[in-house]
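As written, the chain order gives the labels A, B and C, with residue 1 at the start of each chain.
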């Protein structure tokens, strides 16, 4: 186990290192750089040259990377050429926003997904199964950026139930903060619920047919108890798996949701920095999401092997 | 459902036929899956027959009838440039299917051989390939697709390419996992001992084992790509005007939501129903191919 | 086993949630404490760049500066230049080479240090010498700043430069606190200090800027608000929805499609001004090797056959474009100078004439349909504008390929001459020189079209060096006619800048320059 852990951690660090290289060269493959974006009003060659020089963009890319990596290892992610704000402080401000959104979405996803999955699995092939499956697949099929717009139109603009968009820091007004987060979290959670429902259902189907469950039934335990105990046990595995596998999808979803609902989180920051060629910010944000993704998957693998040692940890995460 | 390539060994052939029959039975036993299949056929037909069934030229603007609500003349109303929305919806099925289905096909065609080679040869090849895929997997699908589309420049072809490339790592991983398992099967080991060439072993003995998990993945990936394509268009990284495209229609509609809500409703419903059809179909295929899912 | 799950939930989920919530709490802005307090929230259409007037190059940042960085000169409601930090308009020597500026007495920066001639000198020196300065080019002929006495500066120019006073009424006239410059140097943008009714408090992210009422402002008796919060909300309909919901008090640039909603809502209202800027189509007539290089022949129909430019223009119907895309709220025009400017030339535009356009196309001998790509910004409205241009030009024999291009990519291509047509505009300045010169001067970074017309350059140079206003006006009349013959830029319209505000807000000053001046704004407590 310890050997396995060490190997996984080493592989993760290597992956992360390679990911930073990909990002570094990838953003430079976009046409135009920060200097073009910054000198749009003048395109003054002297200003362009000065900006290039200041951000080391006039050096070979490899040496730029060395420079960046050197500072990044000390925790300095540089400054945004666009706003002159330090990338780490901007990230520190944005992470909690996205974390709150993701967590609320996860909670909503669990609240809908687990019961629906259990319901579907208890009577496979019956109406409740079809209903739950249909609704779950519906949640998976809905383009969430569109769903968001429709909800804004319906709940905020026409019915005035909820605020349309934007973000209120939780300390300044916790109620308003939650009200603002409700719609985006629900939209994001709907897609997640579908995935959780499917995972729960298939896990439940498998375990309801398993020997120990048959034994439990044979022992005369009530059906409710059989289902509840094993459903919840399974959903624990499901939660862990889904969180790992869906983190990427969640981050992807966050990009569009934050755009539609104008939430100042990581997702919006990612898109903005792509479009504004804000290299340091983009590098920082991608480093962060890649790191989060890798770390969470590592944790998921480990938790997995702790919860259920029978599961081969090396198996492909399909 | 899927064309399983003919295997050389009679036993395997019989087993595969049996599997196929069982799969078909399991599939048709699920009404939702059949409904999905019907939905997919309808969307494909709409895409193919768009020029025949569209009441108007999807690009013909008429500045005298802009933002007209649904009526007898325009069943789904007209857009901000006076174009017939229904016709644009029909033609939009083309770019949706193209970007959604083609990108997944493309990814499969590229990824399966990579996964085969990595899983078969293992060691250095495997280590290098899987490290590259891990790196690619460290970026969420949508961010990868947006980045690639931004680098390649906005067009339907580039959006399809971007979506396709973004799907490669997952399929490589699945393929490789199956290859690792299949490689240990008796008849594969036997073929290797008999001195069959690696390429022949991979094509004849291993590939058939990989097909069904890859198909299952594809059924999940197609609807996700259809939505992904809509998002790229919505972000301005998709088709070029005046090409009809559901994502682009939504992006246009967002401006007119308060005046002409139907502009935002129809394309969204179209994306939803198309993705739902593929998902229902895919769910059925998955259950049919993967008996573990059934009690 | 139920217990396991519960303990999992309580041990992992809840603490994470708590941490996340606590961390969110930390991000709360200095001012976000209580929405019901006397703080006004402004929704901006895009994120301002770094808050240092030295490097600043966005229109939206000028909206923020209007409330925290006063200038030597400002404009009044009729766009006439008036003194702000200066005591009076500059005394200009007869040869136009020296500007003597008397400063107002008793003014302090928002850090309490006094404004004086030395501060002006320090600031202007930074504007001209700072490597990444976007001010150096616009201050062009400024050679030296002389401190005449503690409250008087004299600026020396190498040649007469008519727009100079107007330039001192923009970012180049904002005076920065020398004490803060000494303290922060290159990082002035992290905490800018100028003279203004509000002072910078915090910028937690690119999308939020917080200002508080200044303790030192000379006119602080007229300032009623405790502070301002600028939030970036990119979509106009969401900005408007936020305002209607009461989350936002003032909205920057309401899109034409949303004006009705603002008007219909009993709680909100709007004020509209014609922009000093324009939107048009840049045609690549001679940008062969990049805007900074010599013009040359370009392989596209417009460069090879100048009559096709006229044909293209004649195929367009500016008023239909305005009606369809902008709800008839914009001002169709064929001049870079809007009719509400004191410098308007009153130039008459040619209307749509497809027959004449077709005749010109036939005369050019180019086989139809003539393929011409049109680069537009990748956003819904520019793409719709491109599509309508496409459909109009089709009637004259043009096959316009609309290419939505992400903005930075488009700029890069335009600068490099890798385009045929580019739909772009300019946010507009007070003096016409600043809206025309850089777009036609050879080797200028903004001369995307590669225009190199000696007559135009000559007129531009005469107009910027003339010190006689009447003479300048007549030169610009001739110039605009000449621009309409060359047609390297086909001007389409002047946008309207629509300010949305809740009716509970009063005292907002909104002029034709589109800046939102909130010095005297207040929120009725009854609302």
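Convention: a residue touches a chain if its C-beta (ideal position, glycine included) is under 8 Å from a C-beta of that chain, and two chains touch if they have at least 3 such contacts.
In this text, all values refer to a predicted model and were calculated from it rather than measured experimentally.
Ranked by how close its mean Cα position lies to the mean of all protein Cα atoms, the top chain is A. Summarising the inter-chain contacts, the pair of chains with the most C-beta pairs in contact is A-C.
Taking each chain's centre as the average of its CA atoms, subunit B and subunit C sit 44 Å apart.
Subunit A and subunit C have CA centres that are 36 Å apart. Centres computed as Cα averages put subunit A at a distance of 22 Å from subunit B.
Looking at subunit B, one finds that residues 150, 235, 254, 257-258 touch two or more other chains.
Among all residues of subunit C, those that touch two or more other chains are 235, 406, 409.
Across the assembly, subunit A contributes residues 30, 157, 259, 275 that each touch 2 or more other chains. Put simply, subunit A touches subunit C in their complex at residues 30-32, 36-47, 50-51, 53-54, 80, 82-85, 90, 92-97, 99-100, 103, 107, 152, 156-157, 160, 163-166, 168-173, 176-177, 228-229, 232-233, 235-236, 239, 259, 262, 264, 268-269, 272, 275-277.
Across the complex, subunit B is touched by residues 11, 14-16, 18-19, 22, 26, 29-30, 124-125, 130, 133-134, 137-138, 140-143, 145-147, 149-150, 153, 157, 198, 202, 205-206, 208-209, 248-249, 251-253, 255-256, 259, 270-271, 274-275, 286, 289-290, 293-294, 315-318 of subunit A.
For subunit B in complex with subunit C, the residues that touch the partner chain are 59, 61, 63, 66, 80-82, 150, 153-154, 235-237, 240-242, 248, 251-252, 254-259. Listing the residues of subunit C that touch subunit B in their complex gives 235-237, 255, 257-258, 260-261, 320, 323-325, 377-381, 383-384, 386-388, 390-391, 401-406, 409. Interface residues of subunit B, counted against subunit A in their complex, comprise 29, 31-32, 131-132, 134-143, 146-147, 150-151, 170, 173-174, 176-178, 213, 217, 223, 227, 230-231, 234-235, 250, 254, 257-258, 261, 264-265, 267-268, 271-273, 275-276, 278-280, 283, 292-295.
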